[in-house]
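Right, I'll just put the structure down here and ask away after.
Going in written order, the chains are labelled A, B, C and D, and every chain counts its residues from 1.
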Amino acid sequence: MTQRLTMENLRKWVPLFVLIGLVLFFTAVNPNFLSLRNFARIAISSSPALMVATGVTFVILMGSIDLSMEGTIAVCAVLFALMLNALGGSLSGAGWLAIPGALLIGAVLGAVNGLIHVKLKIPSFMASLSLGFVGIGLSLLITGGDRILIEDPIFRSLLTVRVGGFPLMAWAALACLLIAWFIQDDTTVGRNFYAVGGGEDLARASGLNTGRLRVTGFIVAGIFYALGAIFAVARLGIAETETGQNFMFVSITSVVVGGTSLSGGSGGVWNTLVGVLIVNVIGNGMVVVGLPDYFQDGVLGLLVIAAVYLSTDRRSLFFVK
Amino acid sequence: MVGVTDIKFLSPENLLNLATDVVPLLIMAVGMTLVIYIGSIDLSSQSVANMATVLATVTLPVAGAASALVVMAAGLLFGAVSGIVTTRLKVPSFIATLAVGGIALSVAQYVSGQQALHMDAGQRNHAFGWMQGSTAGIPHELVLALVIVGVAWFIQNRMTAGRVLKAIGTGEPVAVASGIRVERYKILAFALSGMFAAIAGLMFSVKLSGGSPTLAEGFLLPAIVAVLVGGTPLTGGVGGVMNTLIGTMIVAVVRASMLYLNIPATGQQIFFGLVLIVAIATTIDRSKMRIVK
Amino acid sequence: GRQAAAATSPDPKICWSYRDRTNPFWNSIVAGGEAFVRSLGRQSGDLINLINGGSSEKSLSDIQSLLSRYGSGVALAVDPNDMPNCRPVVEAVSHAGAYVSTIWNKTDDLHPWDFGDNYVSHMTWSDVGPSEQTARVLFDAMGGKGGVVHLGGIASNNPAIERQQGFKNALKAYPNIQLLAIQAADWDTQKANQVMSGFLTRYGDAIKGVHCASDTMAYGVIEALRAEGIENMPVVSYDGNPQAIEMIAKGKLLATVFTNAYWAGGITASLAYYAATGAFKPSAEPREHREFYGPTAVITTKDAQEFKTKYIDTNPEYNWKDFWSLAKGPIRYKS
Amino acid sequence: MFELQNVEKRYPGVHVLKGVDFRIGDGEIVGLVGENGAGKSTLMKIIYGAVRHDAGNVLVDGVPVSFSNPRDAMKMGVGMVYQEQSLIPNLTVMENIFLGFEKPFVRFGAIKWKKMAEAAGKQLRKVKLDIDPAMITSKLTFSQRQLVELAKVLTLEERVEGKLVILLDEPTSVLSKEEIDLLFGLVRELRGRASFIFVSHRLDEIVTLSDRIYVLKDGAVVDVMNSAEADIETIQKKMVGRDVNHEYYREDKQRPYDDGHVLLELDHVTIAGRGNDVSLNLHAGEVLALVGVEGSGREPVLRTIFGMKKPEKGTISIRGIPVRSFSASESVSHGVGYVPRERKIEGIASGMNVFENMTLSQMRNYSKSGVLRIPAERELARDWIRRLSIRVASENSDCGNLSGGNQQKVVLAKWRSSGSEIILLDHPTRGLDIGAKEDVYEMIRDMSADGVGIILVADTLEEAIGLSHTIAVIKDGEIRKWFNCQPGSKPSPYDLIRYMV
């Protein structure tokens, strides 16, 4: 019995082992990989992705899916930049209001998404996909296709100032992850996400207002997308419709690679952290080892399959969709 | 709505054109339907189609019309790999097909030498010229597409394979406990989806007389949307290829209607998204979905 | 069909079909197109926009829908998105008796003069030369020695191929410049950022300069460098976006190439329009008026400020009937 | 006092409840009986707010109320233990118990787990269940889960002021004798606070526990009686609408089996995770019952024979030929059929109709080179709907909407009609009414007479004794004792229990 228990405990850590294995592999090919400076680089590219993936983790835990992130990020990024610039252009002044403002916008978009899904009874895949189009369109309408630059050195210090070798952005993302962890493990809402993911009809029969819970999940996700948008803007100093690009597949891949099941009810934000790191380590590692670019898509595919294969507990899975 | 705004929109000729234009999309969506019908998804279709355009262009001078077979076999193979990865390695199809799509893309880039290739007009017409023609005003492409849809419909509704796919979509454990070799059929569904994607790529490449690793870019989301708007939910077991036929037409009409309604450039995405929400809200059959996830 | 009897129409619809609105290059194209439309006394909104989002399939079917709505009364300016897509677009247009001018993507075997009047013109840019020039600017700034990396566009795109070629040509003249790596970053700012940080790990201090195939990628590169506290690495790019020119003026970027997308957007629409109205007869024009290179100008720190006031802060007034004034000669094919 | 007046409920194609009047007095235990599909669960779900009725009134102390969801009902003190398991498997036991009512344990937005665990422990003690409240629910056994559900409903005691109504939909079908006694004790104890509606197909339990009994037939109340005056036979007659054969297990129809014809042989088969091995022979026409306590390892034996588990050691031979590759499809092609315990998961494909379900395991017989012969399939389904009097609108109805009993009949028809020669039955009568049970027993007899070999894991010892030719008592995954069970020499339940525990 104890032996089985330790085996089960080991299982939980497999994604982490995969991550360590990848790091060792890339290091073996190019020792430069294993350096604080490179880890800081990976942290920079991971920070926005981590926020987005964390947001969608909550939705996936409920057994739904959210594909609206690219649109939400675009709108949040663009409006954040506009607000910041309109409010004096610096976080040291009234500009800081742009941060809560962006989070609010993320929450509103999440709420709209959730309400369309719940009230119109449209599967989340479709509702969020459509809303993603609307979001991209919205940001296009706002910017007319232009880019908005943010010069504020205080805001850009998220990228440029380092503490312990890592940029502020990485620490901020870590702090947000801890909040997400708290929401997931210690709040009623967080626990109820697991309940809905474990069996929505059962949860409803137990008296949960699953509709409201779903909407809450999408709102939480929206707020994290807004955080992702802010970090993405901090990384490049540019807010534009393209800011959201590529986040959809990358974030969901990260969530799954980390070991959270798409059918809901299992996994969590720490898994997502590991997943995001795995995906970004692969992305960085392929460049660092000098893999020809035409092979990169394929190798990424193979490595992702391997990672998911290793980190899923097949004994508990009879059927995979 | 669009028809009212401009009566020309509903002319038979116009509708026929509209239908012909979306033939490759339709074929890809039909393949996708089989996979969604079993409750999975295929995100590799677009990359497989990209690869198909490259392979078709590269093999045409050597193989002539037989290049179609090469392309279809390649699609079948990549689809089957997705199926095997999902069933045997238990990697969710969302990820498995995305990853296999990456591999297909790498193949396309490698084979094409990262360049756009074009077909020799003579060779193309010799091998596939018949595809581009039309009889009695009806384009052969459209006929071919309808035949393919018809075959898929027959498989789905009248053949054991189709019944098994439905059983997998509605209750996979039951299918297993009924002694059905579920894995084989799942692999079959993915393989067929890959093949349909390859056919879509092939037809597109013949239409455009060339191939490139990005030629079929932009197929994936419309294909998925067509399936879902048609009324085959991601949970599987409901809907089918006829729904997808309708769904594809909806996508085509929505796209064309932007032009007829003079939607300004910056508003097109918003319009598309909102119309999709309305379309799906009106088309889905909620009575067959116990839980909307 | 109708292509022989090239019917003209007094008031054709003017349409631009292009990739997306989120890219500065295409924004300038559209701005030029709108300026041309206004020159006719119409509203900017009268320009029909067909956005294909990188999908050849959508590009083609949108154009088909356009043709089935307006028939021959269409003047279309288009980037067909991928080279193979050009033929079916042109065939559809000439079948409908409408008029089309293309830019960028066209296969070498396809020529306007094979379609009578309906395929009015094709414009592209010869990127090899300018790209070589920016590379030289870069190498000179590096003092003629040290390691360099190149970030390219989507590998199968024609401009990506040419810009890389120009870069390689320049390398030949600088034996002490060491080519470290070439990688596609798909015209994408974020991807370029990621690739550049990968390069920094791989090559570290060996990198002394960066050659980018577009401005958008250069932004990502510069931010990747900035994150490391590297502020004065020489970087050159391509396209001449307002932001890039601003950066050159501030010394953050060394050089870019201005392709005058504004003019291209206007003149391409203009060619199609005036051919459609019968103001000129394309088939009567010499071949270098039907296939020609667009203007390019290398912008460096020296001329950035002047250039900015002339082209960025305001747009010059162009005479849209003066079709070929900025053209850079007939297109030369490799074979 | 809780009252339903003239309650109506329809689903497309079925009129489930027809003007039902129903009353529960304070502290009263009301038994509710009826055939499968009579509408018992639907009635309970209406009281619980999980299903909305189409017409009629629900009154509490004479005041009309309207529950739009279970939460409303809970606030009024109505709680329900569902017929199907309704705990969420990936949550801990305590989370399940307080699901939706976590508020008392929340401080500054954070759940205080210690406090919740203590409170959960208190609830678990009520049902005498000694498990860690932080345990993941999926690790519990079936009967433990049932008790947790009960504990969960009992939280109403603390949460709600005033009177309670607790609905128990077939709570006993998965419980052991001791657990049932515990349950009954609890119910009686709680009468001071709560009234109960109790649904069971075991009429003796109904008569023992309840004060009054409602008999539901085809969605209408056909009789209400005081249980003091009730006797099982009249209830049965009212429910089924005809006399029920006294010779319940049809022992008179039991024929000796063919000794010389071995269909299935297990030779020292070791099942993964269980160190012990199993050997047995199944003959044509034989009904072999496996008996044992919950968890004794009967189900793994069935699943191994059906090929869904691979034995670690030993051989399984079907008609003398050793099985080499283990898969359900292999077994089915050798003529093995399996009626699983988890009907909703492995038995019935909800979303597929009756004929599609019935031919799922035998499509080869209903197709020609891959093309289905749908008219023949329909004919088959109609035939079996008639033979087993399956209560269904037509062969096109979605099986997901059938009542449990009728679903079970569809599953049985599926294997029976496909001509399986070896049929494995795991709790085939679980949740079935007496009429349906009779039909199932009849089928088992018929199959046996036709030379089909049957391995039965029965719902009760009586059932096992009544139906089988041979009984194997299983303990800890190993056969401890064989009993000959031919007519005339049947062992008593007591004989079996000695070897079971």
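By definition in this document, a residue touches a chain if its C-beta (ideal position, glycine included) is under 8 Å from a C-beta of that chain, and two chains touch if they have at least 3 such contacts.
Since we're looking at a predicted model, the values are computed, not measured.
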Quick one: point me to the chain whose Cα centre is farthest from that of chain A. D
Between chain A and chain C, what is the separation of their C-alpha centroids in Å? 34
If you average the CA atoms of chain C and of chain D, how many Å lie between those two points? 71
Centre-to-centre distance between chain D and chain A (centres being mean Cα positions), rounded to whole Å: 43
Interface hub residues of chain D, defined as touching at least two other chains: none
Any chance you could list the residues of chain A touching two or more other chains? 140, 144-145, 294
Residues of chain C that touch at least two other chains are 21, 30, 155, 184
Chain pairs in touch? A-B, A-C, A-D, B-C, B-D
Chain D partner contacts - residues on chain B that touch it in the complex: 158-161, 163-164, 166-167, 169-171, 173-181, 237-238, 288, 290
Which bits of chain D are touching chain B when the two form their complex? 306, 308, 327-333, 338, 340, 345-352, 356-357, 359-361, 363-364, 367, 370-372, 374, 400, 414
Note: in the complex, chain D contacts chain A through residues 50, 69-71, 74, 80, 82, 86-91, 95-96, 99-103, 106, 109-111, 113, 152
Listed in rising order, chain A residues that touch chain B in their complex are 62-65, 71, 116-118, 120-127, 129-138, 140-141, 144-145, 200-201, 249, 252-253, 256-257, 261-262, 264, 294-302, 304-305, 308-309, 312, 314, 317-321
Chain C-facing residues of chain A, complex: 30, 32-33, 35, 37-38, 41, 44-45, 140, 144-147, 149, 159-160, 167, 232, 235-238, 240-242, 245-246, 283-284, 286-290, 293-294
